[in-house]
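Multiple structures follow.
Next come two complexes, and both contain chain A; in the first it sits with chain B, in the second with chain C.
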Partner chain A sequence: MSSITAKAGVVTPAAPARRRSKIDRGHWVGLLYIAPAIVLVTVFFVIPLGMTAWMSLHNWPLMGQHRFIGLDNYVAITKDVRFWNALKFTLYYTVIVTIAIFAVAFPLALFVEKPRPMNGVYRTAFFMPVVVGFASASLLWAWLLNVDSGLFSPAAQQLGLTEKKFNLLATFNPAFWSIIVMVVWKVAGFTMVILMTGLQSIPTELQEAAKIDGANAWQRFRAITLPLMRRTVALALILSVAGSILAFDQFYILLRGGPRNSTITAVYWIFNQSFVSFKLGYGAALSMVLLVILVVLSLIQLRLLRNPEGT
Partner chain B sequence: MKRLTGLLAATATLLSMTALASAAETANIWVRADGSNFMPQIVEAFNKSHENQIKLDIIPNAELVQKYATSAAGGTAPDGLSLDLIYTPAFAAAGQLEDITDWAKSLPYFKDLSPAHVKTGTYKDKIYGLPFSADSSVLIWNKDLFKKAGLDPEKGPSNFAEIAANAEKVAALGGDVKGFYFSGACGGCNIFTFTPLIWASGGDILSEDGSKATLDTPQMRDAIALYRGMVEKGLVPEGAKTDSGANFFAAFAGGNIGIAPSGAFAIGALNTQYKDIDYGVTFLPGKDGGSSSFAGGDNFVVTKGTPKLAVLKEFLDYAYSLEGQTLLASRGSLPVRGDIAKEALKDLDPRYQIAAEAMAKGRTPYSVVFNDIINSANGPWAQMINEVFFGDDVDGSIANAQETMQGIIDAGTGQ
Partner chain C sequence: MMAKSSRIKSSSSDRSLGRFAGEHGIGVFLSMVFVAPIAWAILSTFKPPMEARQPPIPPWPTTGFSIENYITLDSFGAGLWHSAQNSIFVAISSVVLTAVISLLAGYGFSRFRFPFKNLFFILILSTIMIPFQSILTPIFLILSWLGLQNTLTGLVLVYVTLQMPFSIFMMRNSFDAVLKEIEEAARIDGATNFALLTKVMLPLVWPGVVTVGLFAFLNTWNEFLAALVLMTDQGKFTLPIMMTAVQSGRFGAVDWGAVQAGVTVMMIPCLILFLLLQRYYIRGLTAGAVK
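Let's look at the complex of A and B:
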């Protein structure tokens, strides 16, 4: 930061004009205001990002010497079948979980948006799981889903639903859907709050006018609510998609990437390469690839959900 | 929790003790949490009787390699380290360890040291690690359940057919009782307990120098058939499918399992924490008899360039003495000196003798990419064992694992 301000000082010629110096002073004050933000972003984002990019050009083992290998890591990624499989699974998970979250969060938002008795209780209850960390939530569900000492499997057996204990985490589909249920329980409340603020920003006159014109509830939802919530939906969507693509904790803690390595996400694979195989350089290269993918996806979403007027 | 507080207390006392003796030289060493049952005790005993001191840190198992690597990079690595023996080649290959060939060969009992440890401690004909603690895999059975099932409680199974037959009889008791247990989603557990079944039948999963994966063998298929058969008959608890090692010991300790492959460590743990379980210990057998074992444990390695080599030598000399070996054995680590093993074990539970014998005959696979191909929860070995024990396509799973494993080996050695 200091280098930036210093540079700015050098660039500024000693202009005697009063107007000019006033503008300059404005610049300085402006810079001063954003200085803390710039420092934070530089220290915690730009520098680490630069280091990651730098590391990705090296063979960088956790132990021993690193050496520069140019783009070899990136070439290796193109042939890394397990990474692309992990990415495929991550995208599959992202699509499913995003649909599931919206399918639950939208009705919840519509429900809690209207004034009704006990509204605060409902809102709090739906939002509660959000404040639990993903790791702790995963541990809680690890217990719930445990075949011997958990809740679901022994309960199902005792209720006579299954003949013997059914291990929910032993095959792909039950394990995958268990995770989906857990994630929806965990984050739907957050999406609900975002969508709720969007709903609340829609002027009631519009709805009332439509009502008078004889539009039914579904028509009002489609023609008024949804279009006016475009930006809110975009925000919720981007947050949900980015969060899902970076999913790791739940698959690591609950499933360890199993059953049979079928639930390894992209970040899980990066973690494995970096801290199980100790190939930090390769892990860094994978991270850069994932970053690019994420940025592209976010741009596409922003474009698709842009207001028609371009605002 | 109780263990944890005990551990903390032990470390705290050690810290305070070492703080007092600042005149003499102090060497720092690390051990993984698995060693917390014996390491604090032997360090304490050493510190009491020696002027030079050892300061011990206990590191969680899963973090040891990362922690060591980062502190080595930052110049704060410990002087010595009690390291899971299978990691020794990888550490040596990374250039982190001091060549201790001369020291090792000067020990009068060098030829009597556990061969499995010395083999994994050797990299490119130089010695980087010396045996410290030892654990061998064995088969344990629940004598009470055997009695109830009408089996001879004093006779453990000695071939595949007997394992299956005994497990079936025990499982027939019904209720929560099952015949057999293994951690079906744990690569590390199964390299320890499942490969000896293959070895004892005459097969192997890696070539001698670790350069070739040899998974597709008749011996492998026989051992798989044994496990699959028991799973199909419902002799194995449902939880085994997803057990990534958490229940490796606890399942048998619960008292509802007839037979379980386990390790020498279980003897110490059962004797101290589950006194009411009456169990027997025998060798892991081959298909038609014979026996084998995975010789596991820790190698003691020295950080390259440490100035405290003399202190570490003193400490290791003490650990190798009869006093040291007896102390280690009494805390559940088998003796690593073959010449005095019998003497060190003579006053202990006789079941240790079987584990010690298994250790002497034990084998250890050699690979610089052991973690990637075997121990990793997402490695080819872990995936294969789960697929072949519970899945539908044994041939495909073996072929897939063989290919992936060989790929990792080729990439790893080419680095």
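Let's look at the complex of A and C:
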């Protein structure tokens, strides 16, 4: 017993000295721990970011010398009708797909949020397409949508809905809506989980009180659920919008930008310019435009999320 | 009075039974809608090649069970299993590197004070705002300057970088949640910084490590654009790139049975990992949503 006390007595005065030396060494030790991450982010993110800006001021072919041309690439962008068409299409897609995702994900979230046996199973089932990846999902749906070997057009024919096989991917509207259906199937579970966390943070007493006051389900949803979920809805909205603006995989794999180049997205056009035509400088300038759009979007996101009114 | 209340009770229990059945009917139906495409693809891969060319109605094999589609797949280009090996190498290396680097950085950001700490933290987190799609060209050039063009190692380094903001945020929060007293006690017992991290802290932040690793696996296993741009040699194709080449008819007429076999190989690891580690996945998702 006495020996323990003695030991403790020895340790106590030594502790401050130990702490001081930890802080001194800490200056270096802390940096050492984060060094690998900093090196990676610098080499593969910060430097490339600077280079994108730098390259956008050059005529930069894959082979041979690059040449400084000032803002010529940006001037060329203003006249690049196909880029503006791609951007227009991307925004159109973003608006439609975001509305579609919310129209499906919100009811799903309300459905799985209620405590009920089996809910975990439903939640898992709705979420499964989220984890398979866009490339796998696109390849899977490329098959389902295929006119001869697929599911939908032969099934429609067998059911007598169409006289002969109808190629869903041959014209713009059926192809576009097929992609929308595929993306909603793939992404709705993700948005559902985000919205669900928001729903769960609403105190049940509030809903109960409103119920006692005679508010019906729709009134409760309008007056309590939606306002209290503003922040979560904003987050889900921003994630959906940012993801959709950067869409590439599904349009590349399912449609190759067709029919007749009508479904080329912004990222697809940058990919074509940079890695098919190898106009690296011009591709960099296009990238800068895309980057500015997304950074502005992120700043809007920060404002929406920081707003103290929401919870 | 008694009769009235019991009548109310029984009618409300009838109603709730009907509601119960209705809600579960909806639940089962919707679950089937979401799972159907996946099940359809997986079932149809076991059809003999002749049958696989026909529309998949019904989805399951009717003219005998066969794994021919999986065998055919290996004859395209460098072969499916070669691409699968590439994908496995890339995904596993990315998981390990992401976990180790974010573990160290999370510890550093949580427990040490050093100059420009906040600046570094904001720098790493802010990369999430910038789409990597817009910096692929310089990444391509930097990899070739480093002699890493067209190498799986180069692809891994790019992938790990892309995982950094989420992973470091996650790991710093995990370390922040560990009581300082636990560390102090171990320190008094004479543990060095490194032993402290691996022996004392690691078990405590393990759920965070699993979450970070799971996201790294799913993201890198499924990543498409960077792999498409950076891997130009067929021997270096990952599964998504390889299967897209097969689907585009690059190796002759499109063999849909084989394509769905490839899709199945791509989907199965993700589905298994998700079903096993669902808790960690949702944890990662809500960590971003709540904070």
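Basically, the second predicted complex is superposed on the first by the 252 of 311 C-alpha atoms of A that agree within 3 Å, B and C clash if a C-alpha of one lies under 4 Å from a C-alpha of the other, contacts with A are read in each partner's own complex, and residues count from 1 in each chain.
Going forward, contacts are C-beta pairs under 8 Å (C-beta built on N, C-alpha and C of every residue); 3 or more make two chains touch, one makes a residue touch a chain.
A quick note: this is a predicted structure, and the numbers were derived from the prediction, not measured.
Asker: If we overlay the two complexes on their shared chain A, which of chain B and chain C does A:Val276 touch? Say first, second, both or neither.
Answerer: It touches chain B, and chain C stays clear.
Asker: Pick one for A:Tyr93: touches chain B only (first), chain C only (second), both, or neither.
Answerer: neither
Asker: Just chain B (first), just chain C (second), both, or neither: which does A:Met55 touch?
Answerer: second
Asker: Given the touch rule stated above, what does A:Phe176 touch, chain B (first), chain C (second), both, or neither?
Answerer: Neither partner.
Asker: Of the two partner chains, chain B (first) and chain C (second), which one does A:Phe83 touch, if any: first, second, both, or neither?
Answerer: neither
Asker: Give one of first, second, both or neither to describe whether A:Gly64 is in contact with chain B, with chain C, with both, or with none.
Answerer: first
Asker: Could you say whether A:Asn167 touches chain B, chain C, both of them, or neither, answering first, second, both or neither?
Answerer: first
Asker: Based on the superposed arrangement, let me know which partner A:Met118 touches: chain B (first), chain C (second), both, or neither?
Answerer: A:Met118 sits against chain C, while chain B stays out of touch.
Asker: In this superposed model, does chain C or chain B come into contact with more residues of chain A?
Answerer: C
Asker: Check whether A:Phe251 is in contact with chain B, with chain C, with both or with neither, and answer first, second, both or neither.
Answerer: After superposing on A, A:Phe251 lies clear of both chain B and chain C.
Asker: What residues on chain A does chain C touch that chain B touches too?
Answerer: After superposing on chain A, chain A residues 146, 148, 256, 275 contact both chain B and chain C.
Asker: Could you please specify the touching residues of chain B with respect to chain A in the complex?
Answerer: My answer: residues 65-66, 68-70, 72-73, 91, 94-96, 185, 234, 237-239, 241-242, 244, 371-372, 376-378, 382-383, 386-387, 390-391, 415.
Asker: Would you pull the chain A residues touching chain B in the complex into a rising list?
Answerer: Residue list for chain A touching chain B: 59, 61-65, 146-148, 164-167, 169-170, 256-261, 264, 268, 272, 275-278.
Asker: Can you list the residues on chain C that touch chain A in the complex?
Answerer: These residues of chain C touch chain A: 23-24, 26-27, 30-32, 34-35, 37-38, 40-41, 52-57, 101-102, 104-105, 107-109, 111-115, 117, 120, 123-124, 127, 129-139, 141-142, 157-158, 160-161, 164, 168, 187-188, 193, 218, 221-225, 228-229, 240, 243-244, 247-248, 256, 259-260, 262-263, 266-267, 270-271, 273-275, 278, 281-282, 285-286, 289-290.
Asker: Give the list of chain A residues in touch with chain C in this complex.
Answerer: Per the touch definition, chain A meets chain C at residues 11, 15, 18, 23, 26-34, 36-38, 40-41, 43-49, 51-52, 55, 108, 111, 116, 118-119, 121-122, 124-129, 131-136, 139-144, 146, 148-151, 154-155, 158, 185, 189-190, 193-194, 197-198, 232, 235, 242, 246, 248-249, 252-253, 256, 267, 270-271, 274-275, 280, 283-284, 287-288, 290-291, 294-295, 298.
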